[in-house]
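What follows are several structures.
Each of the next two complexes has chain A plus one other chain: chain B in the first, chain C in the second.
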Partner chain A sequence: MQPWLDLARIHAPLLIIVTPLAAAALAVLGPGGRFAWIVASLGALISAVLSVDLAWRMLERDAPQPDVLEGVALDVNGVAVFCATVLACAGVPVLFATGAMLRRDVRPRAAPLAMALLSCAIAAWIAALFAADLSSILVAVETAWLCGVAFLAIAAEQDRGALSAALRMLITGGVAAALMLLGVGFVERGLGASDLEALDDVSIAAPRLAGVGAGLMLVALTMKAGLAPLQVWVGPAFGRASAGAALVLAVLGVIGALAVMTRVGVAAVGAPVIGDGVAAALAAIAVFTVAIGSIQAVGASNVRRMAAYASVAQAGCALIGVALGSPAGLAATLVQILAQMAAMLALFGGATAIEGKAPMSALDGLSKRAPLASATMTFGALSMMGAPLMTGFLARWRLIEAGVGGGWWWTAAAMIGASLAAVVYGGRMIERLYFRRATQAIEQGGDLWRLVRVPALIFAVAVLAWGVEPSLLLRAADAAAQLDLGEGS
Partner chain B sequence: MAALVAERLTLVLAVALVLLGAVMAWTAGNAVKRLVGVLIALCAALAAAVSLGATDVVLPGVAVALALLMLGAALVVRVQEAFGGVEFAEINAADAQSDVKAPEA
Partner chain C sequence: MSAHLLLAAALLAPLLHASLVYVLPKPPGLRDVIHIGFSVALAGVAFAIVGAVSHGAYARIVIARPLPHVDLAFSIEPLGALMAAAMAGLGVVHAVHTSGMARAQQDQAPHRLMAMIALASGMAMAAAFSANLFTFFVASQALALVTFPLAAHGGDEEAHRRARAYLAPLLVASVGLLLPAMVWTYARAGTLEFHPGGVLAGRVDPIAANVLLLLFVFGIASAAVPPLHRWLTNSSEAGYSALVSIQATAVLPIGVMGLIKISAYVLGPVLREAQIAERILLVLAAVSMCVAALIALSKQDLRERLAYSVLAQSMAAVIGALLALPAGLFAAALQLVALMCAASTLMMAAGVTYAATGRRDAWEYAGLGRLMPWTFAAFALGAASLVGMPPFSGAWAKLWLITASSDAGLPWAAALAGLAAVLTFAHLGPLTANAIAAPAPPDAFKRADGASILLVAPVVLSGLATLLLLVIADPLSRFLGPLWGVTP
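On to the complex of A and B.
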């Protein structure tokens, strides 16, 4: 057994990508939706276990991953390992919860395809994190994006509006793909190489071309992550998506794109000559995203739209750490990405208790009818606010610390502004959940949908647990940042 | 010299076409036209990549463009079936009509 485990560990990065892909193939070939659900969940679980083991070895025990010839060019760096672990671990509850909702959201014949698409999306986002060369990053990002669009369209049984939202998402993603392709061309010409690591090279052949290319790639990823001012698909997609599709978009789509953006951004900010310009552009996007996302979340009239815009504002906070270009900033960004993933899983998982297009008033008195769902949503909202003892607080604190340490005093104002806005929209949500009487009959799922809330509740508790005892999380984030930006990296 | 001018001209034209395609994809009133805009932008980006000498991205780029075209065409057909048209004005009106109106709390 041990030799097999050692072999698996040597090829862990490839296995983390291939396992969900194999599960997707089995899901499509299998006899039905339930089989596909089990196989896809198992594939995601194996991938998550492998990624946790890889992260444990690399970030906790400081054991470097051996270079092996895989047939595909992989680059296993700190950001990639940390974010791949976050995505793989998020993929398990998302697949489990979405599978439980398939009977309601998807035609029975399409259920295996829906599960296969989700497995492919997980594999593709992780592949984009591990990919060494730019064209592989492009293909992986587009594969993941198209899987998300296709899943949104397939899960449009209850609302045809999800179809138009999927079309808008596809068009925005298509334009982003063109910009990314153009960016890859510019970067390759500018660097004279096709791998992302070449950006660290002291002598870039054509720095302006490389800078424009890196900027175009980041703009494309901004569109995919739904960051301001290019978040045109966010409102329609989240406002009309089924419960499962909204969970997938928030936890896998947005977090996946944000993670890839972090990886590309770290490489670009660290590049000589172009680094300062890219950092300034990222900081501007970050502040704009925090402001616009917070305003839109405060003004949202629909529960899922509110949560989606809150996610946009949180993503803006994460970008500030990337723009700083320091190990402390990057470590804070990684903690923020984890906090956002857990908060979104809790928020959107809890929101499955109400109908997709339900207005804010649907939350009135929900705590009496669905106490578990209300509790998960409350934990998610508290973490977004940056309430003490929550992971969100930890992330904000580290971001402020890194910003002030780097001389960017305004980051403290941006973080406090984001938290104050979150107090308004999150507080309004909590007030409706616990302090109002129900004013309308809300259609809820049957007993099966309670399954959905179990993983959401687990992550809601994790939001608190990581906040109370953060030492392991902080060590892992610091180690990942040191691997990429520390001395001798 | 002539080759350099031709290369620069191709690049400028390709970048202009990418922008044109992007504008068309965001502003056209018809879903098919928007999809065509995306394809124009993608094909122009491929041309730009070729003129920049980034030939290893061409094959992945073609694959991405084809995948987008197929999924986009399938979505346009489903939207046509569901909404009875592919004009965004009609789709927006139908979406607005189906929105749940919040009762007074």
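On to the complex of A and C.
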């Protein structure tokens, strides 16, 4: 057994990507929806176990991952190891919960395809994180994006509004793909190399071209992650999507794009000549995203839209750490990505208790009908506010610390602004959940299948409560940052 | 019982109290016994902690380490122990009063009210025993959140609107100002521990000291330093039992105590370097003290009048905390305890009056003292203490404050404290005299038997507590000595 385990460990990055892909193939070829659900969930679970093991060895035990010839160019970097673990672990409860929800959202014949698309999306986002060369990143990102769009379209077959939202995502993604392709071409031409790693250790032959290319790639990823001002698909997609599709988009789609953007951003900010310009651009996008996302979340009249805009604002906070370009900033960003994933899982997972359209009034008195979902949403909101002892607080604290340490005092204002806005929209949500009486009849799944969302909710609460004793998390984030940016975290 | 066990009991008892009251709402007798019984037990524990501290005992409980070098930890020290004893002691009479009010007003959800009062008491204990700034931040935020249901206890949309207006400034100031101050302190000192002499001593330049002082004072909005005092006045339409918790035994006292702790344990000598901010804040607090007392004069609803009166008196404690002198800190601590006793007495007396007669406005109080002599005798004690009349507890605090102001070379602050006392007399003195001396109104009681013993006894006991500081002022100055290192 041990030789097999050692072999699996040597090839862990590849297996983390391949396992969900294999599960996707089996799901499509299998006999039906339930088989696909079980296979896809198992595939995600194996991928998650492998990624946790990889992260444990590399980030906690400081054991280097051996270079092996995989047939594809993989780069085992700190951001990839950390974020792949986040995505793979989040993928398990999300797949498990969404698979069961698909029973009512899609025709039985389409369920296996939907599960396969979800597995592919997870594999593709992780592949984009581990991919060594720019073209592979492009291919992986587009695959992941198209899987997300297709999943939304399949889950929206009963609703034309959701279908048009999927179309809008497709168009936005198409524009982003063109920009990214152009960006990849410019960067490769400017560097004279195709590896992302080449950005920080060569004297760039054509710095302007490389700078424009990196900028185009980041703009494309900005669109995919739904960051301001290019978040055109966020409102319609989250507002119209089914509860399950919104959960997938928020936890896997947005977090995946944000993680890839972090990886590309870290490489670009660290590049000589173009680094300062990229950092300034990222900082501008970050502040704009925090401001616009917060304002939109405060003004939202739909639960899922509110959560989506809150996610945008939180992503802006994460970008600030990337723009800093320091190990401390990157470590803070990684913690923020984890906190955002958990908060989104809590909010969108909790919101699955609301069927159909989800106006804010649907939250009124929900705590009496769905206490676990309400408690989970409360945890999510508190974490976004930056309430002490939550992972969100920890991330906010580390970001402010890193910003102030780097002389960027305004980052403290941005973080506090995001927290204050979260106090408004999160507080309003909590008040509706616990201190109002239900004003309208809400459809609610009454069968046992709704219990499948329980692991997702418990997982979200557990991650959010990690802020109580986060030493392991902080060590992992610091180690990941040091892997990519060296000592000094 | 060891100091560690006492500390653990003080932190856990209110949580158990709240849980039991909430899950056992019926029969009402059992519910009330639990509510009062746990309050008595907590008071016993708090006084035992005072005894342990006076014998030099020390205890520290660490719950978690959420940040490097920052623990979620609780410890016992003189100021926290004194505050806990005052809060828990008043908590006993408040518990009896709440039981009486719930019966008299036929409250729809008395178990929820009592559970929230117990939780508020627990969070106040946590804040009082906080070992560092981070723990204080957590506990004070939790205190603000658990008192939201108290402020909204009316249940209608208007009550919710008021409760939101109550909670918003507390949370916004906490996140927007106190949090940056904490991060900054951590960045400079590498720790957030409360330490006699101040953790920031010698670590900040004058500009940083000035900014930090402003961030701390306005960040702790529960201390109600204007313009962040609106939560206090917005809460004044809550039920009487909730009001006692918010204004007299938990939220406001914890805010002021937080300022005293920050002044003594975080800033220390840095206060002298922050001279510009200190002077601005002293002027602001002193002027606010007089203006609040003046506004109170214009309020007819006794809850509003008392809210402004309490605000004025809390500013006196804030002035003491900002003077950067041992005598000032002692005056602030004394004033805070005196304020808690007097404000509890007055609010509970107003509650009893409303429950028995349905009267809320000051002009309606004429002659009620003849019908409710015990209640209004206690009301007179509370009012005299708030005004600062010798020999009541408020007088000693004012005396120390005036002495400390003069020592600090700020005679105008002493003069304004005197003026505020006169204005406080103007809005409470005639009211009390009119209530006691005017002819009794006919058919004043809603019920023929008037107010029950559950309502009147707590008011009388609380009123008598205002006399207590007269006896214990000297031992108290020795007890609080470690706060500043010497006896003032």
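Throughout what follows, the second predicted complex is superposed on the first by the 476 of 489 C-alpha atoms of A that agree within 3 Å, B and C clash if a C-alpha of one lies under 4 Å from a C-alpha of the other, contacts with A are read in each partner's own complex, and residues count from 1 in each chain.
What we mean here is this: a residue touches a chain if its C-beta (ideal position, glycine included) is under 8 Å from a C-beta of that chain, and two chains touch if they have at least 3 such contacts.
All of these numbers come straight from a predicted model, not from anything done at the bench.
Could you check whether chain B and chain C clash or fit when both are placed on chain A?
Fit.
Once the structures are superposed on A, label A:Pro207 by its partner contacts, choosing first (chain B), second (chain C), both or neither.
In the superposition, A:Pro207 touches no partner, neither chain B nor chain C.
Look at A:Gly406 in the shared chain and tell me whether it touches chain B only, chain C only, both, or neither; answer first, second, both or neither.
neither
Does the superposition put A:Gly486 against chain B (first), chain C (second), both, or neither?
In the superposed model, A:Gly486 contacts neither chain B nor chain C.
At the CA centre of chain A, how far apart in angle are the CA centres of chain B and chain C, to the nearest 10 degrees?
Approximately 130 degrees at the chain A centre.
After lining up the shared chain so the two structures overlap, which partner does A:Ile171 touch, if you call chain B first and chain C second: first, second, both or neither?
In the superposition, A:Ile171 touches chain B alone.
Applying the document's definition of touching, compare chain B and chain C: which contacts more of chain A?
B
By the touch definition at the top of the document, which applies to A:Val139: first (chain B), second (chain C), both, or neither?
Only chain B; A:Val139 stays clear of chain C.
With both complexes overlaid on chain A, does A:Gly427 touch chain B (first), chain C (second), both or neither?
In the superposition, A:Gly427 contacts chain C only.
Please give the least Cα distance, whole angstrom, that chain B and chain C reach in the superposed model.
So the smallest C-alpha gap separating chain B from chain C comes to 9 Å.
Do any residues of chain A touch both chain B and chain C, and if so, which are they?
436
Which chain A residues qualify as touching chain B in the complex?
133-136, 138-139, 142-143, 146, 149-150, 153, 156, 159-161, 163-164, 166-167, 170-171, 173-175, 177-179, 181-182, 184-186, 188-189, 194, 209, 232, 236, 240, 301, 355, 357-361, 364, 436, 439-440
Along chain A, where are the residues that touch chain C in the complex?
Those residues of chain A that touch chain C are 385-389, 393-394, 397, 400-401, 404-405, 412, 416, 419-420, 423, 427, 431, 435-436, 467-471, 474.
Once bound in the complex, which stretches of chain B touch chain A?
Contact set of chain B toward chain A: 15, 18, 21-22, 25-26, 31, 34-35, 37-39, 41-42, 44-46, 48-49, 52-54, 56-57, 60-61, 63-65, 67-68, 71-72, 74-76, 78-79, 82-83, 91, 94-95, 98-105.
Would you pull the chain C residues touching chain A in the complex into a rising list?
Per the stated touch rule, the residues are 64-68, 72, 134, 137-138, 141, 148-149, 152, 160, 164, 167-168, 171-172, 175-176, 179-180, 183-184, 186-187.
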